[in-house]
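Working notes for the structure below.
Which chain is which? They are A, B, C, D, E and F, in the order written, and residues in each are numbered from 1.
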Amino acid sequence: MYEPPDALEAPRFTGPRTYARLPYVKSLEGVDCAVFGMPWDGGASFRPGARFGPEGIRSASGMIRTYNEGIGVQVFGALSVIDFGDAPTVPGYIEDTLGRITEFVRPIAAAGVTPIGMGGDHSVTLAELRALAAVHGPLGLVHLDAHTDLWRSYFGRPYSHGTMFRRAIEEGIIEAARVIQAGMHGPLYEEADLAIPAELGVEMIPWRALASLTPEAFADRVRQRLGEGPSFLTFDVDFVDIAFCPGTGTPEVGGPTSFQALSYLRALKGTRFVGFDVVEVSPPYDGPGQVTALFAANMIFDMLGLVALSRRTSIRANADSAPAATGP
Amino acid sequence: MYEPPDALEAPRFTGPRTYARLPYVKSLEGVDCAVFGMPWDGGASFRPGARFGPEGIRSASGMIRTYNEGIGVQVFGALSVIDFGDAPTVPGYIEDTLGRITEFVRPIAAAGVTPIGMGGDHSVTLAELRALAAVHGPLGLVHLDAHTDLWRSYFGRPYSHGTMFRRAIEEGIIEAARVIQAGMHGPLYEEADLAIPAELGVEMIPWRALASLTPEAFADRVRQRLGEGPSFLTFDVDFVDIAFCPGTGTPEVGGPTSFQALSYLRALKGTRFVGFDVVEVSPPYDGPGQVTALFAANMIFDMLGLVALSRRTSIRANADSAPAATGP
Amino acid sequence: MYEPPDALEAPRFTGPRTYARLPYVKSLEGVDCAVFGMPWDGGASFRPGARFGPEGIRSASGMIRTYNEGIGVQVFGALSVIDFGDAPTVPGYIEDTLGRITEFVRPIAAAGVTPIGMGGDHSVTLAELRALAAVHGPLGLVHLDAHTDLWRSYFGRPYSHGTMFRRAIEEGIIEAARVIQAGMHGPLYEEADLAIPAELGVEMIPWRALASLTPEAFADRVRQRLGEGPSFLTFDVDFVDIAFCPGTGTPEVGGPTSFQALSYLRALKGTRFVGFDVVEVSPPYDGPGQVTALFAANMIFDMLGLVALSRRTSIRANADSAPAATGP
Amino acid sequence: MYEPPDALEAPRFTGPRTYARLPYVKSLEGVDCAVFGMPWDGGASFRPGARFGPEGIRSASGMIRTYNEGIGVQVFGALSVIDFGDAPTVPGYIEDTLGRITEFVRPIAAAGVTPIGMGGDHSVTLAELRALAAVHGPLGLVHLDAHTDLWRSYFGRPYSHGTMFRRAIEEGIIEAARVIQAGMHGPLYEEADLAIPAELGVEMIPWRALASLTPEAFADRVRQRLGEGPSFLTFDVDFVDIAFCPGTGTPEVGGPTSFQALSYLRALKGTRFVGFDVVEVSPPYDGPGQVTALFAANMIFDMLGLVALSRRTSIRANADSAPAATGP
Amino acid sequence: MYEPPDALEAPRFTGPRTYARLPYVKSLEGVDCAVFGMPWDGGASFRPGARFGPEGIRSASGMIRTYNEGIGVQVFGALSVIDFGDAPTVPGYIEDTLGRITEFVRPIAAAGVTPIGMGGDHSVTLAELRALAAVHGPLGLVHLDAHTDLWRSYFGRPYSHGTMFRRAIEEGIIEAARVIQAGMHGPLYEEADLAIPAELGVEMIPWRALASLTPEAFADRVRQRLGEGPSFLTFDVDFVDIAFCPGTGTPEVGGPTSFQALSYLRALKGTRFVGFDVVEVSPPYDGPGQVTALFAANMIFDMLGLVALSRRTSIRANADSAPAATGP
Amino acid sequence: MYEPPDALEAPRFTGPRTYARLPYVKSLEGVDCAVFGMPWDGGASFRPGARFGPEGIRSASGMIRTYNEGIGVQVFGALSVIDFGDAPTVPGYIEDTLGRITEFVRPIAAAGVTPIGMGGDHSVTLAELRALAAVHGPLGLVHLDAHTDLWRSYFGRPYSHGTMFRRAIEEGIIEAARVIQAGMHGPLYEEADLAIPAELGVEMIPWRALASLTPEAFADRVRQRLGEGPSFLTFDVDFVDIAFCPGTGTPEVGGPTSFQALSYLRALKGTRFVGFDVVEVSPPYDGPGQVTALFAANMIFDMLGLVALSRRTSIRANADSAPAATGP
């Protein structure tokens, strides 16, 4: 059982930074979840800096403790979690980089360990999806973001942090019919952008529509969309208003608060997620308060909470469905 | 038709910064809207820095695209918009400065081009109003701000960023009966301050009252107040809570979110605005995330959206009212 | 009558910084409220910096004026308020420090002056409670915070910013039955943490429950809990979401906005508070906009508003209950 | 005898900030030197922020102790020094502001107290010179700066931080023949700028010439220039390279280090200075390390050291010249 | 004649930012020098952000005036200089990006205009050299930097900001025999790195050797190395100590001061440079004082000074060598 | 052999941060040097933040490579070096903290591994000295700092970052006769401070004297003072001017450059150091450029260089003194 050291024995600012002060381990045996970094910002169309996203999240994650009060579940001590380190990347070469990240994630996926990636700009999600789809087949996708990231190309080239979900559909690693996007807001390149998700068979809930859904209503739509198949949850921190994520690459104004973001995420209990990521944390733009990194660290802790809950539920379900043979 | 270059051809961080990467043009022919700066902070009673407001907004406005999703209108490509540069100012001499700004705005107003000013501390609005009233006569005013800016004088002198709307009423360039202020919050100099708007014949909706109005209800009150005459819309970024506008001169606590601010602004469709400004952006206090500058850049994009909508409506209205001569 | 100089005579950025530009006075005669600092961060378990909290709040408090519009009461001019300076502290020695702070607060309490403390990490509140309980007997407590601060010990030692309210109960200087905590959110050390308040006889309203209470409903629960006895109000700025308090020691994500915080505080009219503090402002993490310091300065101004209101009420009450002997 | 409290009794980060933790006193009796602020930046031609210069210097001056090791003289305890607060200013009105500063300095000068001003942009020095010349007659001037500040006008107006020494010569409050400037470097408006000092009868040593003078050689030229008459020493922090003064209004590259600056200043023993100032500290540009403010605080401490030395010398001189009555 | 507007008419913080407030012009007729940006950081091996280098330098270059006092030459008014805008780049694709930059520079070179590039990470210099060598043939190179940038490959790939001068030699666009590097300091990957320059036929002067050369001695070695052929001067801001260039990608400790850097550069009069660049300015790491951007803006102004001097010299030389036919 | 991973395989910004990307190892077998952190700032008399010093140094140390060019020695690959993690500390309790650090260092010392500590405020050195003296007996000390840290007490208490070397002498763990301090500058508490080192039998070279010593002359005095016995080298980053160490607790103005600091350190070859530390790095005050942390990371790399050199020398010495028996 891998878990953080006791925070009441030595202060949480002690020791080399890993996610939540977890052990940095390169073996996957006995591991439920592996948190890892993808230090890459070559796909960013505006501000860079996400290559230091994993460092920033690890730094802020010292504040994470062990029990997830928002979801109501014990995380550390219940789940065995490690910090698996960072995928190698190749500055200036996005295609090489995606390849290396896929290689890095493949053994995690193959081992049945739930990967939770720390971006990096959002292009890295394509690499994770490739690794996971190789194991699980085509995936469903919950995509929380200010942007749809379904554009055709940027600057004449296929890969970037604004095009990768179109690529993922083209590659057949996500199923458009099992993709749901929510939170989109901010200026668009043209009116036709609004029609792209539907053209590709994807469900999109812009923020102004999401704003009037309760978390439960939103979760119902998600579950309906994803069905029983394996799915991935990707969270771009620019989903929230820039006041809650100043340290990001393509911030937008007028989005949700972090309280709303947590509420939507926490409602997604009972979905079959085989992987997660939180992307687009750019520490050079975050300011001394580390507002964005701390937010991301907490989103990951909630993803861990969803996993913990689902494992507990399946154990309990197994227990419940066990024959009552041993009675009285 | 002036519009930004294609952001999918070269990245938005390319080239000298103008508002939304628009052409920097000194001719007004064929122009619908002219965005311009008023780099001045000599009227500020607390933090300076607004002289760099236009630079900050231009820098952040790289994130602006062309279609306004919040209002549902194409802006660039539909409107011809330019960056008209900055008015000259005279550090240390507020009266000279106001004079020079008025001279700068006058040809824009005279050409029938809609000016959208980037402050600068709020005292600059007086200069804009003088230029516009010279063309349109006395104006109505929508004033979104944490402060009424109706004080009598500061430090024994008439001009400052806290007194200019009283001056504007005295000069007859705005009509008190067509002025509506909203969003006021924060400590006051004395209880009697609360009575000032009414004494001057101005309608004032403090934030605690506005908070319980829907955007539509607010817009109704605005339209009722302004009537059909030409009006100006001035937006001081300290209208929102300091978390959404850290980079400003006289920030207040407990105000609206940027989501609420956008909602109130977007509801003001169908008002006859002959000019706009966004003021009090002070980059030295904004931090690396440029939260305030990005907010201001988006407010301006929404003002452009209101103009685009009103031009489209009038075109459509003209079309609708065209004789049905060609029908069967 | 001590009050700030006229802000329309000389700018508010003039002169050595005291709270709200109040006179820095070491005598307590003729004083209603004394604002003072406790520059200490030795009890902080994560980020330090709160030793500069009083400097940061004083700096931002230049923005405070005299009339509290949120509460609807004249503060300065009605109350006689001073800046009483800072308690001495002893870096590295928490027990000495608490002792010196108690000594510093004791004469304020003894003089019947209402103390309003500026932290400093939250451990300082223990010192204030010791001084006040020596005068008033065991106190009730309203505790607004993301954390309960009821842990048993940190790193094997009794005093820290996470343990002091358990110590205060053990010392008998607050009455558990008259303690109410609200706003708790964020990860916990273990599930059992949730049960601690109840075990100690303290009422705790987590943020997810508070979020569905109106300010009035909350205030009712507070008044019911505190009864008529003397009480203390302690406000840890991490009560609000980190976007509203980046400059703090142990920030949490997904909390209230500053608008909500002000609303809860303002509803607490009519409670018998004998002292207040605002703690955990850490300027090195606040960024150039001073978001947190300005928030804290305003919370203190609202605490002064509550005092002003209660004094006005008692005067009026006295007036009302005065015998009509002098009539016609 | 006014002096700071003992820094080994309570930490130097304790209490409202005054220069070096000196008492904030409004009486001039028994005072040798009065340190005061001039919070003004309306005369700045590039970056503002110097209105917060006095606050920034006071904040950093907590690091000042009592004995000046560089000069080798006891300052506090030997000299009676106060923080006299700040001159009132009028944002937007440079002429009013200069007038108010002159009024503020006049009683200091009249009382025979040595004033040490904290800027404020450099235009404030004109106001100080007016006050001092009214008492002492025309002054000599040592001017350490990257710029000569002898331009004719800015933007068609006479007063700014680049023109005031020409004004001072015109007004007859400094004697050109007793003015020496040193340290000038950086781009000029035109080649003719180089000739201005000589045209006005002023001696100017550009930085590239100063760089090859020892501090003693420089001091000789200063003493030769100033003679025995009363003189003023004005230090613009942009004298040093921007790495040593990032927080300033018009920074230049390639200047002296702070070690060199201190060396030149310390060499100026034995000059008859009747006043000093340190100007152009702009905290919003200084960064969290407060490099510039700390530098300025130390320059002031060296100015105090020069005063202490000169008073000690005169006492000793008096003693030496006393009749040897007791000798054999 | 293109030159900046008069800085004594409107403040230097007025208008969209171009280098030194020069006109932004896309025609090359009548132009002596074209300053342009290369907003790219995909080749950076540590900190990104250099894509905002051109914006940062333009912002700080408002401080540039017209006469270069360090070199003693009139720049603006004597030379016709424009801001030519930015080369397009392709985030994530270094080879495409280099190609686009070469296309962008080619017409400048072809027109006989001297290009002065603003990086961007150092990999961009390869693209400039390609464009210039196509016009001038193989070039000599003066390379001022903390690093030799002669490594074989990074992460298995040929292009990066640490390998491009080896690529340039391989491509035959610079002549190793006419390459001189100076200023190298800081840790190396291995001892063998020290031998690389010599192996490739390049002269390298590490900082510890340079430190004992006078600027003139250094310039002699440069001139001896370059001979009469066309050469390029590339300046990486990390040549200086990190205190003078905090805003850069791969900073090193213990390097020269900016005063020393300017001295070495200014000594290089009389060399035949056909192009220049200043690279590796990364604004997100520069802090509010813009120390690095201001330094870079001044280095460019000195490069312009070298051009102005050489043009003046050739004109004078032509004049001198003209037949004395017109004499009496 | 422990060493960092190859920086040309995966970027240096990859993976959890340890010093120079070394393995984080808790075993001491086969280890030459152990770098470790002491996250503590409770002893700081002015700015806190040094508890994040180890995190800051580790973050910046990604820039460290393997060959020390300044000293001319291979470090990694030649020495086996680990990151040993951080000592536990107890916020608020300096005596407990010192005890825990001593416990943490003891096994390193006992194993014959050279410890290199990363502070933490300077009080931590007392704990290291206790651990090392227990193994080696009383130590010599080279102390590079702006301050002597020999004061008697602070605020009535014995332990702080200004008193620990007096304590170390009293405890007999350093020998006054083998202590040499250098670099002292800045204001003192009183003139008598100057005499303290001599009173205690310590040699002190103030910065103004050191400035005229060559590194070699300095090193001679050090070697003469230390003799052959085991010694410790402690480096407080405030030894250099604040421009080179903005991120520190008690910065002073007018000190050496980082180039000078490196030169003095590198000259200390051939001294028998049994341990080293670099202290007083406070990241919250360092700004985005991480100037101070990068400086400290390089100082540690030079300390490693001294160790590598001394090991190589002893091997070579052994080889030299080996009998020439095998030669023909």
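Please note the rule applied: a residue touches a chain if its C-beta (ideal position, glycine included) is under 8 Å from a C-beta of that chain, and two chains touch if they have at least 3 such contacts.
Nothing here was measured: the structure is a model prediction, and the numbers come from that model.
Engineer: Quickly list, by label, the chains bordering both chain C and chain E.
Structural biologist: Shared contacts of chain C and chain E: A, B, D, F.
Engineer: Counting C-beta pairs in contact, which comes out ahead: A-E or A-C?
Structural biologist: So, comparing the two chain pairs, more contacts are at A-C.
Engineer: Based on mean C-alpha positions, I'd like to know which chain lies farthest from chain B.
Structural biologist: The most remote chain is F.
Engineer: Just the number, please: Cα centre separation of chain D and chain F in whole Å.
Structural biologist: Roughly 38 Å, centre to centre.
Engineer: Could you work out how far the Cα centre of chain C sits from that of chain F, in whole Å?
Structural biologist: 42
Engineer: Give me the residue numbers in chain A that touch at least two other chains, ranges are fine.
Structural biologist: 9-11, 13, 45, 47, 51-52, 88-89, 91, 154-156, 243, 257, 284-285, 287-288 - these are the residues of chain A that touch more than one other chain.
Engineer: What's the contact topology between the chains, one of line, ring, star, complete, other?
Structural biologist: It is other, because the touches fit no line, ring, star or complete pattern.
Engineer: Would you mind giving me the full set of chain pairs in touch?
Structural biologist: A-B, A-C, A-E, A-F, B-C, B-D, B-E, C-D, C-F, D-E, D-F, E-F
Engineer: Which bits of chain B are touching chain C when the two form their complex?
Structural biologist: Interface residues on chain B, with respect to chain C: 45-46, 151, 153-156, 184-191, 193-194, 206, 208, 211, 241-243, 246-247, 250-257, 284-287.
Engineer: If you look only at chain F, which of its residues touch chain A in the complex?
Structural biologist: Its residues touching chain A are 9-11, 13-18, 24, 37, 39, 51-52, 55, 58-59, 83, 85-89, 91, 284, 288.
Engineer: Quick one: which bits of chain F touch chain C in the complex? Just the residue numbers, please.
Structural biologist: Checking each residue of chain F against chain C gives 41-45, 47-49, 51-52, 88-94, 96, 123, 154-157, 159-160, 284-285.
Engineer: Mind pulling up the chain F residues that touch chain E in the complex?
Structural biologist: So the residues of chain F touching chain E come out as 7-13, 62-70, 74, 77, 243-244, 257-259, 261-262, 287-291, 294-295, 298, 301.
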